[in-house]
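Lettered A, B, C and D in written order, each chain numbered from 1.
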Amino acid sequence: MNKKKIINDPVYGFITIQSDLIYDLIAHPYFQRLRNIKQLGMTHLVYPGAVHTRFHHALGAMHLMNLAIETLRWKGHHITEEEEEGAKVAILLHDIGHGPYSHALENTIVNGISHENISMLMMNNLNKEFDHKLDLAIQIFQNTYSKPFLHQLVSGQLDTDRMDYLNRDSFFTGVSEGIIGFDRIIKMLNIYGGSLVVEEKGVYSVEKFLVARRIMYWQVYLHKTSVSAEHLLVNILRKAKSLSNEGHDLFATPSLHHFLTQTITKKDFEENPLHLHHFSNLDDHDIYSAVKVWVTEKDSVLSQLCNNLLTRSLYHVEISHVPFSNERVERLKQEASALLNIENQDIKYFVFTDTITNHAYKASDGSINILMKDGTINDITAAADNSILEGLSKTVKKHILCYTKELNNAK
Amino acid sequence: MNKKKIINDPVYGFITIQSDLIYDLIAHPYFQRLRNIKQLGMTHLVYPGAVHTRFHHALGAMHLMNLAIETLRWKGHHITEEEEEGAKVAILLHDIGHGPYSHALENTIVNGISHENISMLMMNNLNKEFDHKLDLAIQIFQNTYSKPFLHQLVSGQLDTDRMDYLNRDSFFTGVSEGIIGFDRIIKMLNIYGGSLVVEEKGVYSVEKFLVARRIMYWQVYLHKTSVSAEHLLVNILRKAKSLSNEGHDLFATPSLHHFLTQTITKKDFEENPLHLHHFSNLDDHDIYSAVKVWVTEKDSVLSQLCNNLLTRSLYHVEISHVPFSNERVERLKQEASALLNIENQDIKYFVFTDTITNHAYKASDGSINILMKDGTINDITAAADNSILEGLSKTVKKHILCYTKELNNAK
Amino acid sequence: MNKKKIINDPVYGFITIQSDLIYDLIAHPYFQRLRNIKQLGMTHLVYPGAVHTRFHHALGAMHLMNLAIETLRWKGHHITEEEEEGAKVAILLHDIGHGPYSHALENTIVNGISHENISMLMMNNLNKEFDHKLDLAIQIFQNTYSKPFLHQLVSGQLDTDRMDYLNRDSFFTGVSEGIIGFDRIIKMLNIYGGSLVVEEKGVYSVEKFLVARRIMYWQVYLHKTSVSAEHLLVNILRKAKSLSNEGHDLFATPSLHHFLTQTITKKDFEENPLHLHHFSNLDDHDIYSAVKVWVTEKDSVLSQLCNNLLTRSLYHVEISHVPFSNERVERLKQEASALLNIENQDIKYFVFTDTITNHAYKASDGSINILMKDGTINDITAAADNSILEGLSKTVKKHILCYTKELNNAK
Amino acid sequence: MNKKKIINDPVYGFITIQSDLIYDLIAHPYFQRLRNIKQLGMTHLVYPGAVHTRFHHALGAMHLMNLAIETLRWKGHHITEEEEEGAKVAILLHDIGHGPYSHALENTIVNGISHENISMLMMNNLNKEFDHKLDLAIQIFQNTYSKPFLHQLVSGQLDTDRMDYLNRDSFFTGVSEGIIGFDRIIKMLNIYGGSLVVEEKGVYSVEKFLVARRIMYWQVYLHKTSVSAEHLLVNILRKAKSLSNEGHDLFATPSLHHFLTQTITKKDFEENPLHLHHFSNLDDHDIYSAVKVWVTEKDSVLSQLCNNLLTRSLYHVEISHVPFSNERVERLKQEASALLNIENQDIKYFVFTDTITNHAYKASDGSINILMKDGTINDITAAADNSILEGLSKTVKKHILCYTKELNNAK
């Protein structure tokens, strides 16, 4: 069977599958499951086009890895076919452990273990299944391989993961501000002392990449309405788990039921394969079909929260650069309690505060190094003239105050 | 509350909501439900980007209606604000009655009534709820209004529905062959004798539109793999209903359960609002979460079919311009029976034939009329010189033979 | 000096220069001269974006050659580095002999020799200059090399020349109807018996390519206004040459002067390098700067024609499927003569007829062959079902009648 | 005659001509002349697609003005039809006075008067010709009209001129980093106290706009090679003028000859219409056809400079944040003098220094004001959180040192 395939991609045109191993990994249920997990969770409530999946993102990132390796070879760097496949497998699987509505899920019903840990468990399983053909990929993924630039292409501040998600999320949301010159950046990549660098004339493209990323955070990923919807889902899942713990039998697919009714630690996950089995069954369908049924649950808090999500009656969100006063929050809680007739321990589902933060560039976190024309290496913040990089490397932190819309309407 | 909103759309940039009624209709659960129904069902198994929804398509078609009305006014035709809103509401709701995986569903568990009938029931409900503000929209939709061109913009051979779905499906699949010059076509629209016409210099754009539509049919909508996946889903749902009728209690959300266990006629639908209530709860999540659970059902036929869908182990499909011989089909059935150890009445789920047809242009079906420079009107087939329209107006019919992949592998 | 360069291209992103020879050929004055020759001559009078140059087109076609060769290698065909460079050089230089406003020029002041002949002369010169490094390229160009598919990629019915110009002309005119799925077509290319074939599942893309080409002909290349402007320029140049022959000393750059005042045959061109020297100096600037000055010439016919071009007061054009009657044409000529007070021999510059023809696909002219799934080869007209190819392979011929606008206004 | 026309534009799809006056202005020779003046001068030597014209840019800016006015009306602001036409005419004509290779020309042979002054002269002429129909447009252009936001849309830090040129220059160069969310910015425009403001949620788009502009400056407008080519052209024209003053009779079109041989002040321009007449004849053709002929001039400095331009043998450019030392420059001059055997007064054509500067945002220069959600107004630098605006509002100044390539090769 010919496993050299091409896959249509509206972002890049075509993505080529270049080895049998990659074909087989893509066909594996672990990977196919990503077809049913939206990359941006609830963001489609703001940007209706943003229904693209983690499946597509992983393929796209692999495509960029292919372009990056082509460029580096063109510049005379030797990269073996095994290394090429290893890097592609590493990027293909870098997000394999994500669950549906991942950030919401990790903080609620699957809370003993991170998606990074699950990715690792899954990769190890795949490595066994495929007779250790993933050894090199895992080394690259874990940055234990002797050529660090390969890891940097998988996970760094200018990696193929970030480049693809900015491209893809811009494309599907229609937020043109997120468009980056990924092809120019890739053409400017080079290797210096074993590490990834960008040639000096690519500085403006990198600067633009960082600005685009910053804009995508505030305009899309941390958009008020997305944040509000995600918090609502978090609260739904928390309340559902709490009810399950109290013995309520909520409608759920068997695999969702598994996580609703048990508290599972990282250790449990590692020792009992049943947990990973059920985890690998979960996708957006399990969560959302349950939410749709729970709207008729007799517990009024759960049914109210679910109803709010389904009718897009999300929390009202206020944003501030300084923390909200305790008085303000308390007053809102009391109003909520009175208005909605709910018990004390449930008020937290209707009024709460949180913070959101972003920094476009962290100098500490695997810097972006620029290869100057004179052959020296500079951090991007030093290489760009009269830099806006200073601004970009500051952390932006915002406080948010969320409360149920009825409270807002009652004002 | 300000209901003038703009919505991001990667296809057109921005879509503007231009009246309170339209805002409220979009916010209605009937319409929000379309967020969770993929426009192209299983097609994303071939084109991973094709996960866009009926929600987005309806908004897009409304946007094109806006452009068409702007153009017609610019050319001096009088269209009142009520007519404008009526036409927009009509196109917005034209597909409101679609269920999840609509074509599969209509032929299986919701088989007493078509989606067109359900659209009509829903529109009438909305009209009651909104104090008859949809009267004009319904007249336009049903082509009983005095200005037929408005209906033609909603439903004709060159309507805003078709223009949007070609644009949108091309965009999300990445099949650039489907790109049409919708803006040129719209700029060339005019009215003659109350009906929609295209000015002569738009002939090539219309020709291109028809060719693009034909290509999209064969390359996307009737792509072997999509067709195969849809047939598999049809068979899963048929088998599930048949098992339910025999008393098996299959996992399902309550609303899916409602349709699995009952046989509901069009009359039932019209008389008992409970049916429409449950129908309006259904979306992709209900179907797919059930299929994922049924893979562990004890009925081996159902579990096998579901497993095939989840692992993308679709039917092998042969396509032919002549019917397949009975001998061939019978022989395959016997092989399947032997190989899979299934009972006679279940062989139809593993080996079967069907036909697929398409015609890009039907002269009979609300022709596309061209306004010639000399002021006369011609059918497009007469207006285009040395026409390829002849070819486009022929029906293409293909026979397909589908059989389970194990049979193919066993060869 | 590092001659591996990348060039920005809005159509494909980046074009890579992959060998020193190619770099040097691009830097050669013969090739740099193409920067100043618009690909579509006067078409920018209709489509203001269409000011792209032959320089850019040649680079783009070379880029597609690169993609085609990559694909063929990926499918297991052996192509040496020399053959790769040869094919790239051949396509890069395929249009090197074009003059400014090429079709107009060839029929007027440089009329002893075709641009194809001049291309050949220039390639031979370059071959000498570059020590026979172009031997293989010339063989491929002339189809005397042992691998005919390489020539077919340079010049055939589905060559990289046509693919690039459709892409590029669509892009710069903004006529989206001309967009072709070039990447899909290229991915579907294969070799069979030494010749280029398209795999069966690419049939619709080829069909679409032919339709797009047909549309571009009628919508762009043979657009009434472009045709009218080109005829006007032809008449200007004819009249200028005729006046020069009569001894008028018209303003012109020395190289234009050379051609205005002499009659040079193909043989002259081949024997006396001075002619090619002057030809290789000519670009759009020479022609247009002269026309701008001639508007003040004392010869009223020349000044009138030039004024018409500069003020976009082009011929009125009528198009018909049957020839225009002699009576009609004669009557118009008499009216023109009376109205404009011109002498008999000059009326032809103000009233004339011509024909324009196009066929999208010629079965005879290096057919497009399809590699069917069963391994057989079919002509595209046989491979496509219920074909619109029949229509596409017919020649469309139209008669045009042009007359000076004053005549139209006088009506 | 129907003057409502649509014009194809690859950037925006279609541009609509919405009044007879606008149609007639576009048809006027002053405006048609812009067809032959490239927007970016010599930049196409770096970005081969950048051959778009000032004609197209002016139309594009008018299109954006149309969108901006539509948005403002949609938000309830009253704008009369006269004001709409006035604003459109003002933006259409804002650059009408540009000459070919404008910056080069203004510093050399047409150096008594700026293009802004010439624009004003031309507008006044047009106003006379069109019976004072441009009165309002001129008021808007000169910011003497009572609604300042109209002027700000023509000329401000967020005007339709800048928005179009960033869009258009990005599009034609293929530098995707310059893409701006112009449609989002326009949708966010509003009026406050008669002045243009941007609504708070548009802040990120404006930030992105400023970053894109900054990148376009360094990546395109001030690209080393463009700067080098422009300086070379400046020196060619200076030398040509100097030779003409000394009595050399250089080849030139009559209108170029007019400026080569005379020194014309602003006052001359205003008083003697002949100067404007000749100026309005000049376009790229005049300049470039002369340069091509001058390559054979007997003055070796002029011929050498022209040859350098035609063979793309541009100056070598060094860039520095600190001024180059006098010693360095002097030494280079001496080397040049020795190497090229040129006289003292001509060395400046082969070795020289200059500075290039850019600031993306000037707080002083018609600030960009943000309408906050609480109804207050903030300068953009205050409105954006943790701003990169600080960086953007600093002036970046770079020193450049240019010397003829032979000097570099001799090293």
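Structural remarks
Heads up, the rule we're going with is that a contact is a pair of C-beta atoms (placed from the backbone, for glycine too) under 8 Å apart; a residue touches a chain by one contact, two chains touch by 3 or more.
As the structure is a prediction and not an experimental result, all values here were calculated from the model.
Note: Cα superposition of chain B onto chain D, rotation of 180 degrees, nearest 5. A count of C-beta contacts for the chain pairs A-C and A-D puts A-D on top.
Rounded to whole angstrom, the centroid-to-centroid distance between chain A and chain C, based on C-alpha atoms, equals 50 Å.
In terms of their C-alpha centroids, the spacing between chain A and chain D amounts to 43 Å.
Multi-chain contact residues of chain A, defined as those touching 2 or more other chains: 13, 175, 183-184.
Across the interface of their complex, chain B is touched by residues 175-177, 179-181, 183-184, 204-205, 207-208, 211-212, 214-215, 218-219, 321, 385-392, 394-396, 398 of chain C. By the touch criterion given at the top, residues 4, 6, 13-14, 16, 74, 183-184, 187 of chain D touch chain B in their complex. If you check the complex, the residues on chain C that touch chain D are 7-11, 13, 27, 29, 32, 35-36, 44-49, 51-53, 55-56, 59, 171-175, 251, 253-254, 281, 283-286, 288-289, 292-293, 296, 310-312.
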